[in-house]
Amino acid sequence: MELSDIRSQAKRAGESPGSLVYTGRKKNPTQVTVVNYSAEICNEETSDNPNKIIELIDKPGTNWIQVEGFNNLEILSRIQEHYKIHPLTAEDILTGQRAKLEEFDHYIFVTLKTLRWEKKRKKFAINQISIILGNHFVITFSDAPVDIFKKIEEKMKSNPKQRLREQGADYLFYRLIDAIIDQYFIILETLGELIDDTETLIISSPTRGHMRRLYRMKRETLMLRKSIWPMREAVSHLSQLNDKFISQFTRLYLRDVYDHTMQAIDTIETYRDMLSSMLDVYISSLTNRLNEVMKTLTVISTIFIPITFIASLYGMNFINMPELKWQYGYVTTLGAMGLVVIVMLVYFNKKKWF
Amino acid sequence: MELSDIRSQAKRAGESPGSLVYTGRKKNPTQVTVVNYSAEICNEETSDNPNKIIELIDKPGTNWIQVEGFNNLEILSRIQEHYKIHPLTAEDILTGQRAKLEEFDHYIFVTLKTLRWEKKRKKFAINQISIILGNHFVITFSDAPVDIFKKIEEKMKSNPKQRLREQGADYLFYRLIDAIIDQYFIILETLGELIDDTETLIISSPTRGHMRRLYRMKRETLMLRKSIWPMREAVSHLSQLNDKFISQFTRLYLRDVYDHTMQAIDTIETYRDMLSSMLDVYISSLTNRLNEVMKTLTVISTIFIPITFIASLYGMNFINMPELKWQYGYVTTLGAMGLVVIVMLVYFNKKKWF
Amino acid sequence: MELSDIRSQAKRAGESPGSLVYTGRKKNPTQVTVVNYSAEICNEETSDNPNKIIELIDKPGTNWIQVEGFNNLEILSRIQEHYKIHPLTAEDILTGQRAKLEEFDHYIFVTLKTLRWEKKRKKFAINQISIILGNHFVITFSDAPVDIFKKIEEKMKSNPKQRLREQGADYLFYRLIDAIIDQYFIILETLGELIDDTETLIISSPTRGHMRRLYRMKRETLMLRKSIWPMREAVSHLSQLNDKFISQFTRLYLRDVYDHTMQAIDTIETYRDMLSSMLDVYISSLTNRLNEVMKTLTVISTIFIPITFIASLYGMNFINMPELKWQYGYVTTLGAMGLVVIVMLVYFNKKKWF
Amino acid sequence: MELSDIRSQAKRAGESPGSLVYTGRKKNPTQVTVVNYSAEICNEETSDNPNKIIELIDKPGTNWIQVEGFNNLEILSRIQEHYKIHPLTAEDILTGQRAKLEEFDHYIFVTLKTLRWEKKRKKFAINQISIILGNHFVITFSDAPVDIFKKIEEKMKSNPKQRLREQGADYLFYRLIDAIIDQYFIILETLGELIDDTETLIISSPTRGHMRRLYRMKRETLMLRKSIWPMREAVSHLSQLNDKFISQFTRLYLRDVYDHTMQAIDTIETYRDMLSSMLDVYISSLTNRLNEVMKTLTVISTIFIPITFIASLYGMNFINMPELKWQYGYVTTLGAMGLVVIVMLVYFNKKKWF
Amino acid sequence: MELSDIRSQAKRAGESPGSLVYTGRKKNPTQVTVVNYSAEICNEETSDNPNKIIELIDKPGTNWIQVEGFNNLEILSRIQEHYKIHPLTAEDILTGQRAKLEEFDHYIFVTLKTLRWEKKRKKFAINQISIILGNHFVITFSDAPVDIFKKIEEKMKSNPKQRLREQGADYLFYRLIDAIIDQYFIILETLGELIDDTETLIISSPTRGHMRRLYRMKRETLMLRKSIWPMREAVSHLSQLNDKFISQFTRLYLRDVYDHTMQAIDTIETYRDMLSSMLDVYISSLTNRLNEVMKTLTVISTIFIPITFIASLYGMNFINMPELKWQYGYVTTLGAMGLVVIVMLVYFNKKKWF
């Protein structure tokens, strides 16, 4: 199970609230990349020197400050100071959180889970990403480089004539959140195909391994669910946010993000139900199989046990056993045995055991 | 499982929001049919030429623009431009969505799932239909021809003296949605009859195939549920819509659509509960059967095992076995065996194993 | 399962909304009975002639128009016209509906399910009753005669000094709804007694038939539930209705109807839970019984199999078997067998298998 | 199951609403006790004479009128008349109801369930108590004497310097309700201890009787739940009641009653969950036991069946069986049998069947 | 099960509400520690003398009054009097309660459950802590010393330059509640690790002990759930509290406490689901194992029973059995037996029983 959030919260227990303590396990060095852009320009600069960072971030146009890795707390505290980030926001960025959205006087803070399917481990990895939206700037925090952010950056650089460059920080903010939600659909597709495959197998010939597979899929679904449910709440606040940060233009887009989240949740709930149904199929087919095994045993036993008894009977060594001396004793006995077998077969046939 | 929506969403991941990309798998060419009607006239024209389409759509009276097939994106973008359709609406039309209703300044957008029972595959197919209602026009989008739309069109042409011709675009809008919901009742009837049949079979003599049937019905019910639940929300908004588009007359009808949706949902939930109960019956009857099999085996075994032992006993070849030489040794032994059998039968009778 | 509502809705699919089409299966001819009453008078007249009906219904005092049977659509359309009943109301009366309440400008429309226990079929029958309350008139629609309405009519005639005569149409309206809800308690009592009986049987000695009985009761409970849940919503609106139709006096009574509905719902939910618990008892007792059967088999087998082996051993015909020639070979062998039996019995006793 | 409420409702079906009909089964004669109290005085008088009762109840100070037993409807109708009690309130007092609270112009009516553990029957008995709070009077109705009311009366008489005497009717009203809720905790304690005991037994050595015990506890929990859930709603209204009857001082106390109800509900829900878990333990341990039994049988069978076959083999009477005449035939055979046994034991050991 | 709350409520039944009666079982003597602090000073004094206590508590700056142990009711009543604590608050402090928050005119009262993992008993202990926040004072009540309070006190003393000293009573109030919630994460981490371990074991090789472990974990999860759910409600009120006691500065922090509570609840619900899934795995693997055992028995039996019958057949002592005298009778019989074995093996192989 994905315990990292609980662990990082447990480790913080006893610390003063709002103090800068990183409780995660990732060892990535802290690096800050600043993308300064507008319809005309788009420059990127990177640094891991706490003293140089402030110089980078206050340029005209919109600034996208990407903070990766949480090991250099000095850099983080510089940024916190410069943008007057509330200590609790700083704490939330560094500790495992459920998805949430908070509105402060001079910025909006949102923290979300992003997912990545790990082919080797056959499970998905969960990462936490925090985003701060202010006037003319967006700051993103993650404890490792984020693929989907890189892609958006590339798109941004590729062409000045696009909404991403023409619109302000709020539209970038929307695009980042949208990209995170879109990740869920990729995971859901993978999971959906896995469920489809397993379904076919379980219905035709269930084996022990399928149970484990079912269990693992259920666990992954539970984890997905735990990540996305709080997201719903956070995202539903998005479209009701203060006008200060979100333009009328972007607001419509944020409403769309909510719809996507709901679609993902609907799908997860349907997966859960399907996995339960598949478990029922699995268990009933186990019992079915047990029935079949027992029928085989019972048929063989009830046919042979009585005739073996007859054979044993005439294997007794009593001196005075008249049947033994009869001319047709043996043949009669064989006939009697045959009769027993036929009676039994008729009985089983009637009970539809074949 | 019906994964198409998730797949089309996953494919879009990374695309700019609002860009015209069709991610479905249907290969139908795009065709536009415009029905221009009023109480007096009702003309229909069809075209697949992007340049001609705009000429068709701006005539006096009410226009019903039916767009079928999403492969010619040029046509779609012309229509989008002409009616000033928001890019997100365009995206929603082309990508798999959960049912939703959105109100824009100059139109109402609704997207719903329509169902069709496919006799051959013994499951129903789900299609997405989007409808835009503006002043004096209704645009419908689907990636394949829609039977129920054709039927409404025929009815419209058949007789000028009917509400469908006398009322405006909002009443047509209502009729289309009403027809989609009505489809659900046809599916529910089919499913309900299947459940009724299976119920009778499972109670009288459950077989392995019934489990699979139960499972398939449950899966279909889950899919139905996933399609219709979001519909409820969308439809409940219908009767609270802005006066700009919906007349007082039509509003009453839209309230009725909501009642029908609730009736369908109630029925689906009842089906789910019934299928669960039937599963319980099935599993308990499996265990019952196992019990019966085991009882047969046990009765036969416990009757014959002891008397076979007695027979084996006197089959031993010890020189000094006085019983063997007794005059009535054999008869006594037979008597003893008979006694064992009677005792056993009495015991089983008492336990009510017969 | 009670599919009639879904069937009647499915049959309507494609029809114009609000058109008068009866999709039920009952073949009762249409008959209209009008009770014209006030504190002073109370007259009843019956007719099945469309032309005569209008004459009957517009008299001073309060009119209770009872319409039974839906096969003469002409009569229905006359009434519809005369009272300006909305086409959708007319459709709702003729098609299977979930319980609902709708307020129109000049009347209140309510449709409810009424139940009747059918002793022979050992299930209850569900009927739909629609009631329209206007100024000084109540119209009731049903596709078959309704016992409880007859009883209220008799009471009305019996004595002029009662609230039913002194109060207006709204009080009659309340009395009719109250009588319908009261039917549920009679069904619930019957069902509750059945559950009580089955409970005692299942705990003492469950048989296969009990499972079927459990299943049937569960199904009936599900049907009850489906009928009554939407009723709750409809009835809760009753006490918030417009002052135009409901007097302050009657309002208090309608609040009471809601309480009764809630009581019925609570009881149904408790029944559901009890039936689930009884299923658990049933299944666990099946497994228990299997255990018992298997123990019997195992005890008999493990006692006799080893000693039968010993007997078989000395039944071998080897020439050189010294034990066979010993004086006390036989006795020793019997002793050894006895020892085996005792060891086994001690073992089983320790395991508490007896 | 506790069917009395449903039965009394079913019996009323057809009666005019608000008519005084007692449908319970208790035969207690009606008796009225009036306690007239203030900070200074506290007098009690009892009567079962309808004509004398009105004299007792209208004295200065606060009057607590205790009505016990519902068989003398004349007394009840006198009280109803005197206090202008609404006919529906009178009906609710006499018929089995779910807990509810209703506000009328000149009084507040509350009906609740009280519980009493019956040691002999090992279940609790449910009684209905109705309380009417007016200006300067409280009327309590019950169909049998109520222990907890007697205790409050004694406390009231014992000492004039207590809130119960100093505060008015509203505080007495609170104290009565509080005492009823407190009863639930006593029942919950008893039930909790029963669950604790059963838990220990089921984990160590489950027997068939435990299943029945589990079932009974579940049923009692369901009954408790059915009694207390509607209470929550009623009690939550208490603290929002009209100022006319409830002083600011008492309001705080009524808030506390709600907290207690919620605590009882939480506990009942936890019991339900625990009983479900215990059922799982029970059923899994049944299967475990079956496994154990089957293993014993299988081990014994698979060891002895092959060697018994070998013994039977050399018990055959063919003339030409060379092994029989070998010098060491017997010993070799015994050795072969020993080998088979060892192989089997090793196999079972590997499978961890011991 | 943790019955203490219900027990203490049951014991109170019959007592006057608001009377000072301690119904817990802890025997700790009452001790009061007062920490008087501000940005400049921080003094601590302890006493168990009722007469001295009032002197300690009314000093300038903020006072944190820690009351430990409830056996000296005189001390408690002195404090109650001095701070004008409502009798019901006093009762709530002394009796087992579900978490709640109540606002009074001159103070805020909150009662919460704190958890502590007890390594020896392998379960966690639940304690009740009550906190009163007034102007410039915080009073904490517990029936035993509380570790986390001691830690906060130490931190407070360690350094005057920290928010804890600079901010007023409301910030201390927040810190205490925050510390209590943080305890849950420590418990959840421990429980999460236990679940992880058990999961691995159950999937690879389930034993009987695992069922008990599963059950115990489920019970603990239920207890956790019962403690934390009401906390959610109480904590959600925190951020909506009256401005009188909570500054704008602290309000933001209290919002954070709510997020943590929700995170803990999410985790508990996920644990519950995981434990259910693990139970399914366990039960299905039991049935799987039974299947395996039965297959072994059936294979051995069906192979040996028929050939043993053949052997018995030729062990019969009939005089006239021609086969016995044939030259190759024995060899032919052996061959026939071999054939039976091969047929059986082929059959089992086809059924995939190996």
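All chains are identified by letter, namely A, B, C, D and E, in their written order; residue positions are counted from 1 within each chain.
The rule is simple: contacts are C-beta pairs under 8 Å (C-beta built on N, C-alpha and C of every residue); 3 or more make two chains touch, one makes a residue touch a chain.
Being a predicted model, the structure only gives us computed values, none of them experimental.
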{"item": "Copies chain C and chain D touch via same or different residues, half shared test", "value": "different"}
{"item": "Centre-to-centre distance between chain D and chain A (centres being mean Cα positions), rounded to whole Å", "value": "41"}
{"item": "In chain A, residues with contacts to at least two other chains", "value": "283, 287, 290, 294, 297, 301, 305, 308, 312, 315-317, 321"}
{"item": "Chain contact graph, described as a line, ring, star, complete graph or other shape", "value": "ring"}
{"item": "Direction chain E, origin chain D - full chain order round the ring", "value": "D, E, A, B, C"}
{"item": "Footprint of chain C on chain B - complex, ascending", "value": "148, 151, 155, 162-164, 175, 178-179, 182-183, 185-186, 188-189, 192-193, 195-196, 199, 203, 252-253, 255-256, 259-260, 262-263, 266-267, 270, 273-274, 277-278, 280-281, 283-285, 287-288, 290-291, 294-295, 297-298, 301-302, 305-306, 308-309, 312-313, 315-321, 352-353"}
{"item": "Residues of chain E that touch chain D when the two form their complex", "value": "1, 3, 5-7, 9-10, 12-14, 16-18, 86, 88, 91-92, 97-98, 100, 102, 208, 211-212, 215, 218-219, 222-223, 225-226, 229-230, 279, 282-283, 286-287, 289-290, 293-294, 296-297, 300-301, 304-305, 307-308, 311-312, 314-317, 321, 323-330, 333"}
